[in-house]
Amino acid sequence: MAFTKKLLPLLLVLLLVPALTVTIATGCAPAAPEVVKIGIAQPVSGGWAAWGVPVDRAARLAIDDINAAGGITVGGKTYLLEAVTEDTEADSAIAMTAFNKLIYDHKVGYILGPMSSAINKVVQPLCEANEVIQLFQGSFPPKPDDYYNFRGTMIGEQMAPAAYAAVMKLYPETKTVALLNRDEEGGWTNQDVARNVCNALGLEIVADEFVDPHEEDYAPILTKILPLEPDFIGMGMIAPGYHALLIKQGREMGYEGPFLAPTGSDTAIMLDIAGAEAAEGLTAVGTADYIGLATTPLMKDVGERYLERYGTQDAWSLEYYNDILYIKAGIEAANSVDPTEVVKALRTPGFTMPSVYGDVSWVGEEFWGINSIASCPLPYTQIHNGKEVVLGVVTWEDMKPLIEAALGK
Amino acid sequence: MNRNDWIKWAGLAAVVITLFLIPAFIKSPYWMLVLTLMWVHIIAAESFRHIVTVGEYSFAHVPLMGMGGYASALLAMKLGLSFWLALPLAVLATAIISFLIYYPCLRTTGTFFFFASFAFGEVMRLCWVRFRYPFGGVGGLSHIPRPEAIHIPGLPTVEFTIVSHTSYYYLILVFMLFSLLIMYLLDRSRLGAIAAAIKESKVLASFVGIRVWRYEMIIFVIASAFAALGGSLYAHYMTLLVPVEFYWGLGIYVCVWAVVGGTGHFAGPIVGTIVFGLARELLRPFPQLVPLIYGLILAATLAFLPQGLISLPEKILPWAKKVLARVKER
Amino acid sequence: MNAPLLEVRNLTKRFGGLTAISQLSFDLYRGEIVGLIGPNGAGKTTLFNVITGFYPPTEGKVFYKGEDITGFKPHKLVQMGIARSFQLTTLFDNLSVLQNVVMSRHLHTEVDFLGSLFHTPGNREKEKATEMRTMELLKLTGLDTQWDVLAKNLSHGYQKTLNFTITVGTDPELLMLDEPLCALNPERITAIQRLIFTVRDKGITILVIEHNMKALFPICDRIMVLDAGMKIAEGTPKEVGGNPEVIRAYLGGAIDVSDRR
Amino acid sequence: MELSTFLQMFVNGTMIGFQLALFATGLTLVYGIMLIINFAHGELYMLGAFAVFFFAEQLGLNYFVSLALAMIVVGLIAVAAERVFFKPLRGQHIPSFVMSCGLAFMFQVAAVLAFGIKNKAIDSVFPGVIMLLGTSVSVERLMVSLISAILIIGFYIFLLRSRSGRAMRAVMQNPDAAALQGVNINQVCSLGMGIGAALAAAAGGLLAPVFIFNPWIGPVLTWEGFIVVCLGGKTSLPGTLLAAFILGYVRSFVTTLVDPVAALMCEAAILGIILTLRPQGLLGHE
């Protein structure tokens, strides 16, 4: 058949193409000895880039700072840090390839990522199997056997309790809450915790809803919630920008009560989108205004340099700056760049590390069977006539009882 | 067998042998993974082309691929079946579901079919999102069991773990070659001829006594079965299924791979998948530009190669011959 | 005379307001060639479409060999031996002439699925047989010289012939031809006329719509005249040709019937 | 449930209806004239939003001026795209669909390179809320609906009265016949693409102050647009309007009474059922 004549020679050629490209591509992967590579596996393109890019920016800022300060000295030998970014596009297959490339081709020993809890379920075993230290940004709690897996940022189990602790301090008379969250793995986890916390605090949950992460028109869902007359609305993990819309539309529909952003807010965006009037009284845990609300000199300094370098402040960016500081601390303590050694150092009981929030240590064993979460003290803030003010700081100790309640322990 | 046939079979043998030898000279697990995923995508794109042979474009194809994954994952997780049993059952189940989905769609043709299939596929996909039990909701299914190790007396056991990239490579390669073979034979068989006739003119086809509806359905169900095969392999390889990954995103990519490769030719979708797959990986240093490059490849192909990338050789061979001739003259 | 092959009984088809066919009844007997004429919009093609189950009739029934076939699906009708051709030439454009006619043999090639899947020798023989039969048909219709041309690349005349060949290829007992002669040059016309006779001599009954009177009248045993969906005359070509009503309604009509383009 | 809630649902639905209507009218036009399943339509909406952002926020022009400019600019971009990318594929559904996917990719990258990845918003133009019968109506959205209505009506008048409008309708009904009557198909195609894009850009620009936007908002909208178009009957503009409001109300009521995912399910299910029972859509012709 004429149909098949061209087919097979052609098949031959085109199936050989990948083989050849592959051999060429694998041919070039040199690793300079005195460089410690740090992998950044984040969604830096596509719809989730707004989440991944801050990680990349903060990490590179931290790495440049460390190198500028002469790198890390281990056993008399000086190492420089080098960042390698691979895109995950928030897609499990692409994330898997990204991690494999980082681990096997770039031979990195430390990875910042992934952002998504769902994807972590796939890549985390890979990091364990290859003894690669992983600093994970998702909100999924650690498991006792996740030896190489650390969380430099808050997880859902912490943020919700911290947030509601703050709320109870600010609004003791609160009786009913409406819980709104992002319809996505992290959102589900966060919502479960929030439910437990509210029950523990004796709050009545009048509404318990999920919305698409990219939903922009909240009018229908608000129409469902508002008639139930909640004393305040918790916005769970709805992203900055989107929760600004939620607030704006909520005000338009006549809701006067306070809003709560348990996973942090971005005041700049908030005021830009919702406006000062609508944003009045927004309570948030964690902040994006690292300069204005700096709790430590380092925080202010880094925040300023981040702003001048990238022309913007991103929510949850300096937490990723911390990740690099933790790695540095681990390497110095272990006096080795070998992850297997570094992880031992990081896991030594009572090990403290510097962070933009001051010294922190790994906590959480009593709840999740392993100390994997950095005990960053979280500032909780509120917006008053167009300005975000810090009302206080929630420390790990403050959170503990509520987490206990949340986890029903 | 004439000379051409010999060349053909020699070529085919060479291809297959090369594919089996690749792990010998590519040590990077990363590239193993890339190629393995590419084989899965080839199954998807080729079975998509199988639908196109009757002249319809289905957007339920990728959701059905996901259905295959979900089916075998659930069979393995909830009923504790072995992968080797779950796979065929999942393929069967998806074939039945595809029948239910295409049954209403087949009342329509062309663009209407395109969107009707999208609608029903989307309803199915949203079921996974909506019902946390058993589908796991938006988070999807995770920790899907990996295939059981293969014990062949006298040979080392083939393990399937997160680091056993080579055994996965071979597993999926074998399944891909198998499904390509079957689809190729189908394409050349009487079924393929009938499909061609239906594509040309449904009316005339029915007036030479072809039961158009029945044959279209047969072809769609077969295609969906192969999609399910790919989906099941993917599920047990990734050990994770997320509904959003079977949204129009992948749906469009599969369509793009097939059309840009060239649906008129059996090897077209294979070309498309490989070209785009490699582009994706080679462009990793510039993630922001990936869509741009995709767009350019796509536009250039559609503009200059209406028959798809597959027709590139035909286009350049004459030109190359001319050049050769000129060289000879000197 | 023997029982009629096809009986149409007060068939009526309305599209919304307008009546395409009203109360039409006629019989076809084995082995005759019946011409169906009438001005544009007289409902000739509609009649074909109703008989071949494209549209359900509003009223009335169609009997074939005494069996009620009203609204049967096309492939069923083909199985029973009714074949039709199309006014606007419909072909498998991107298939070769041979493949076109091979397709027309669909019902008469018993397919062994696995056989065709793996190209077993047995299956090859079957295919050979079909191709032999196909080549015979092509010889009969004079297309054998162009068996490997793509249908869409044929000249208009040959496309009409191929169209005809495909209908014949289904081994029909009743052949319904929709303007097989229109827009053809004289030698093609005579060729197809001869074909129609050869086919009739095989015992196939033929119902043919045609505008080209000069070409139609000599081959027909009977002529039916349709006007506004009603049968206004029926009889031998001579009678019809002399029928004043017909002449008023049609032959004397504005349109010049001899060469319609 | 009290009356006010019901009214609120009704209002929400109407607002969504107007947004979808304005967006989908352009899509229907493009499909009706060129048979292109234009996947890049959502990107045109996105570009419209960014164009308004550029003119109003960065150049500080008046909002309505920037809206007009945005419509023109995006319209021209679309015409150029039609000339370069779609002309060779005219009449081929799937290739042109795939081509439009490629276009969508490129537009996204362009937006990222030009405006970055952060969510953008522009200051509200008509702040304030009207309360009646316990139902709140955002002035902003009211104005959006109003302007959409004006644009759609204006477009209809153009379609019915003007010469080129009639040419468009002729092409939508029967391209070949139109060509025979000496209609310049190329001209009509460019014009149709331009106007369709301008309407999309208008939708984007109008909703920019109401919502937020980033380079990736396009595709989701496109699919909603397609659902509307198919439901209404691919080439029927009145059908598009009807479908837009049906979907608006379905979205509003099901989301409020059940939940958002259920709303999506209903939309898809309705589309599927309509397409299979009445393939030509609600008001489409055979």
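By written order: A, B, C and D. Residues from 1 in each chain.
Simple rule for what comes next: contacts are C-beta pairs under 8 Å (C-beta built on N, C-alpha and C of every residue); 3 or more make two chains touch, one makes a residue touch a chain.
Worth saying up front: this structure is predicted, and the values here are computed from it rather than measured.
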item: Shortest contact path, chain A to chain D, counted in steps; value: 1
item: Chain whose mean Cα position lies farthest from chain A; value: C
item: Between chain A and chain C, centroid-to-centroid distance (C-alpha), Å; value: 73
item: Cα-centroid distance, chain C relative to chain D, in whole angstrom; value: 48
item: Distance from chain C to chain B - Cα centre to Cα centre, in angstrom; value: 43
item: Length of the line joining the C-alpha centres of chain A and chain B, rounded to whole Å; value: 35
item: Contacts with two or more other chains, residues of chain A listed in rising order; value: 45, 183
item: Touching two or more other chains - residue numbers and ranges from chain B; value: 129, 188, 288, 291
item: Of all residues in chain D, the ones touching two or more other chains; value: 112, 261
item: Contact graph of the chains (line, ring, star, complete, other); value: other
item: All chain pairs that touch each other; value: A-B, A-D, B-C, B-D
item: Residues of chain B that touch chain A when the two form their complex; value: 4, 7-9, 11-12, 14-15, 18-19, 22, 25-31, 33-35, 37-38, 129, 137-140, 142-143, 161-163, 188, 234, 238-240, 242, 245, 265-267, 270-271, 274, 277-278, 280-282, 284, 287-288, 290-291, 310, 313-314
item: Interface residues, chain D side, partner chain A - complex; value: 1-2, 4-5, 8-9, 12, 15-16, 112, 117-119, 121, 124, 127, 129, 131, 136, 138, 211-212, 214, 216-217, 220, 251-252, 255-257, 259-261, 263
item: Sites on chain A touched by chain B in the complex; value: 1, 3-12, 14-19, 21-23, 25-26, 44-45, 86-87, 89, 91-94, 96-98, 100-101, 103-105, 117-119, 121-122, 125-126, 129-130, 183-185, 187-188
item: In the complex, chain A residues that touch chain D; value: 45-47, 49-50, 53, 183, 209-212, 214-217, 219-221, 223-224, 227, 240-242, 244-245, 249, 252-254, 269, 272-273, 275, 312
item: Footprint of chain D on chain B - complex, ascending; value: 57, 104-105, 107-108, 110-112, 114-116, 118-120, 122-123, 126-127, 129-130, 248, 252, 255-256, 259-260, 288-289, 291-292, 294-296, 298-299, 302-303, 306
